[in-house]
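This is the structure I have questions about; it appears just below.
Going by the order they are written in, the chains are A, B, C and D; count residues from 1 in each one.
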Amino acid sequence: MSSFPQAEVFEVPAEVKKKALVSELSLQFYKLGWLSGTGGSVTLKVHEHNVPRQNQFIVMLPSNVQKDRMSPEDMYVLSSMSPPPTKTYPHNPPKCTDCAPLFLKVYEMCNAGAVIQSHGLDACFVTMINSSSNEFRIRNMEMIKGIQGHGYHDELVVPIIENALSEGKLVESPTKAIRAYPKSTAVLVRRHGVFIWGDSWISAKTQAICYHYLAAAIKFHQLGLPY
Amino acid sequence: MSSFPQAEVFEVPAEVKKKALVSELSLQFYKLGWLSGTGGSVTLKVHEHNVPRQNQFIVMLPSNVQKDRMSPEDMYVLSSMSPPPTKTYPHNPPKCTDCAPLFLKVYEMCNAGAVIQSHGLDACFVTMINSSSNEFRIRNMEMIKGIQGHGYHDELVVPIIENALSEGKLVESPTKAIRAYPKSTAVLVRRHGVFIWGDSWISAKTQAICYHYLAAAIKFHQLGLPY
Amino acid sequence: MSSFPQAEVFEVPAEVKKKALVSELSLQFYKLGWLSGTGGSVTLKVHEHNVPRQNQFIVMLPSNVQKDRMSPEDMYVLSSMSPPPTKTYPHNPPKCTDCAPLFLKVYEMCNAGAVIQSHGLDACFVTMINSSSNEFRIRNMEMIKGIQGHGYHDELVVPIIENALSEGKLVESPTKAIRAYPKSTAVLVRRHGVFIWGDSWISAKTQAICYHYLAAAIKFHQLGLPY
Amino acid sequence: MSSFPQAEVFEVPAEVKKKALVSELSLQFYKLGWLSGTGGSVTLKVHEHNVPRQNQFIVMLPSNVQKDRMSPEDMYVLSSMSPPPTKTYPHNPPKCTDCAPLFLKVYEMCNAGAVIQSHGLDACFVTMINSSSNEFRIRNMEMIKGIQGHGYHDELVVPIIENALSEGKLVESPTKAIRAYPKSTAVLVRRHGVFIWGDSWISAKTQAICYHYLAAAIKFHQLGLPY
């Protein structure tokens, strides 16, 4: 109808958007106590769906930095190929998160869209209630429905693995636990915290809220509330 | 007096205002832990007063979405007629909250202006203290005065119903509880949370704060504080 | 030196500033859990010093409103004369806080610059530990130093009075407690909360933080921590 | 290549930046409960590295003020020489923090870049568990790795000193504790709180989060959680 020329629409590239999203989530999770001190992390895929693996890229936080003060330009972008061949953006002072090898493994094994590593105190506590147990079990809580693949009457079973001297060494034992518990979307690490993943960053984030809620429920149970 | 032409005043329509309000409350309640994961909800009437039922419209949140990231255009607007005949705005990816049938029932039975569904951990806990009790009772707390129709010397009695496999099936049992406890403005759901309503969104919100406060009081009592 | 005309400096009137301050503090105290539901209040003098009583005016919040959503134009301004003869600004829908008579009494008796009424759960709890005790006592905590007139080695003694059916009736018993405990800058109300005042709004606010901190300390003591 | 004149780049002086940073951290730590009432403090060096001592300047907060409402112009800047000979900016109404003598001592003894004094309730509690113990010990927690010079298998040992009548007198006993525990980057003060330092403000801040996390872990242990 009109001959007025169309303005050229500039689409913000997915990578730019996702780097901004990781820095935003990093602050949000910091305020929730999941990222604490310099620990804890969040990582997500640039494209969640329909991209062949050689074109998949993954955003990760640097290691040993303040997670409440991240900006998009602090982010690493890795190829999901392992070892990552291209497009890594190494910074001068920091390095990529120590959890990078495990994160890449989780992306590969679980076809995840995002992974969260949390130091949330309640998640840490549930691993300490019984130091010889290698499972966290809970049932009969509505919030279990928030965990991928679970309904209200399902028991939620999350594996607990032992802590390692460095996070870079936490690859083999979580891998085994993921294979042994295919229904779980989390692995607890004794006296440390929890790794949580989902098909998308939204799924990882909302499940993470549910896992921390259920851990808090168990804590109050331990403190004497009937359960 | 003056011949200066009146500027045409543009009144923002009530529906537009209320959709913005629901997205704002959604974030506020998320931060309070009432909306958690993708669970919990808040709904309110476009016009709280003096509108014949066929002209009443109700704002509701979508189902299974992040409640900390809602915007006005995410909202559903339903007729309060049941089944809702007009003006539903279905989205493509999400659907309207699973609690819609119960919310419509509460609007109808209680002449409510707003309803809140909370997963607040303390509200969940008070349903677990005694799994055979179907009432939450508390007295002698100033905050009871904040509950509609109650004074300081009144005992507050809130019915507890059993949880259902899906929120869409939570209609009949809450309906019965509402009939059996006409003085209560809330129904607790075992191992799940609580539904709270009021004549207006302000009443629903301020009562919700009081209910959660009283639930927290009971939790500390359980933990050994004399009460 | 310069002949450039001085810009006329417009001084914002103290009353305007203080109305804005009360709405700001109202939100801050709401987030701390002191103002909760529609309960709790904060009030302060327009001029803290050197104003003859007939010229003193006091800012108060309305009654029964959402304390997280106050704006300066919601405020009442009362004369500190009792009964207040001038300059009250009654609103149409709400009325001035039910605590107004007590607040005026505290201004008169304690020469206060501000008064805070808190429903903080921990403050409520310390009144419930021993229902026959009419004092809250604590010693050997650095935070006691934050209470006006107290040092680290002083014991802090705060009177506890019984609750009344309405806050408007809470005048005579707090007055007696204030007379009986001239060193205290607070009165606890059983199963209700606490009134706290100071020479200035800053003093009332910082003391209120100390009182709530000390109440929290006692709560954990009750839960089994040695003290 | 281009003859376009370079815009003169104006570098914000380090002192200006650091004064703004201290006021920002002051609010952040207030929200975390570390700075509480008017108590608690944070101080940092204008230049963290490579400046001869006579040119080192230190930013400090005033004493006895609201730490949630600091602005850059409220800050003191002291020489790190002791007694500080130059460039002090005394304010009219407040004075520099009472902890200044201790802070200067910590800068000198530990070559610190920043020091935090926290009243965090959990840090206070760990000093009260055993009133005859003068050490806080914890092991087997991942968060220990966040403390400078510590790995997961190290035991963390923090000295506890007795409180003094005024913070200005807390110099000699912390000095002794620092000498006796060279591996610790914190000193706990009985029934008071904790002093924490690091090579840089980032190190002090992230370690402070770890110390408070570990103190919270011990609190829940005390409340009956196995540990």
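One rule holds in what follows: contacts are C-beta pairs under 8 Å (C-beta built on N, C-alpha and C of every residue); 3 or more make two chains touch, one makes a residue touch a chain.
Note that this is a predicted model, so its numbers are computed, not measured.
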Greatest separation from chain C - chain, by CA centre
A
Compute the rotation angle for the C-alpha superposition of chain B onto chain C, expressed as a multiple of 5 degrees.
90
Chain A to chain B: how many Å between their CA centres?
31
Need the CA-centroid distance for the pair chain B / chain D, whole Å please.
44
Among the residues of chain C, which are close enough to touch at least two other chains?
223-224
In graph terms, with chains as vertices and touches as edges, which category applies: line, ring, star, complete, or other?
ring
Under the definition above, what is the set of chain C residues touching chain D in their complex?
140-143, 145-146, 151-153, 202, 205-207, 209-210, 213, 216-217, 220, 223-227
In their complex, what parts of chain C are in touch with chain B?
36-39, 66, 119, 121, 124-125, 128-131, 163-166, 189, 191-193, 219, 222-224
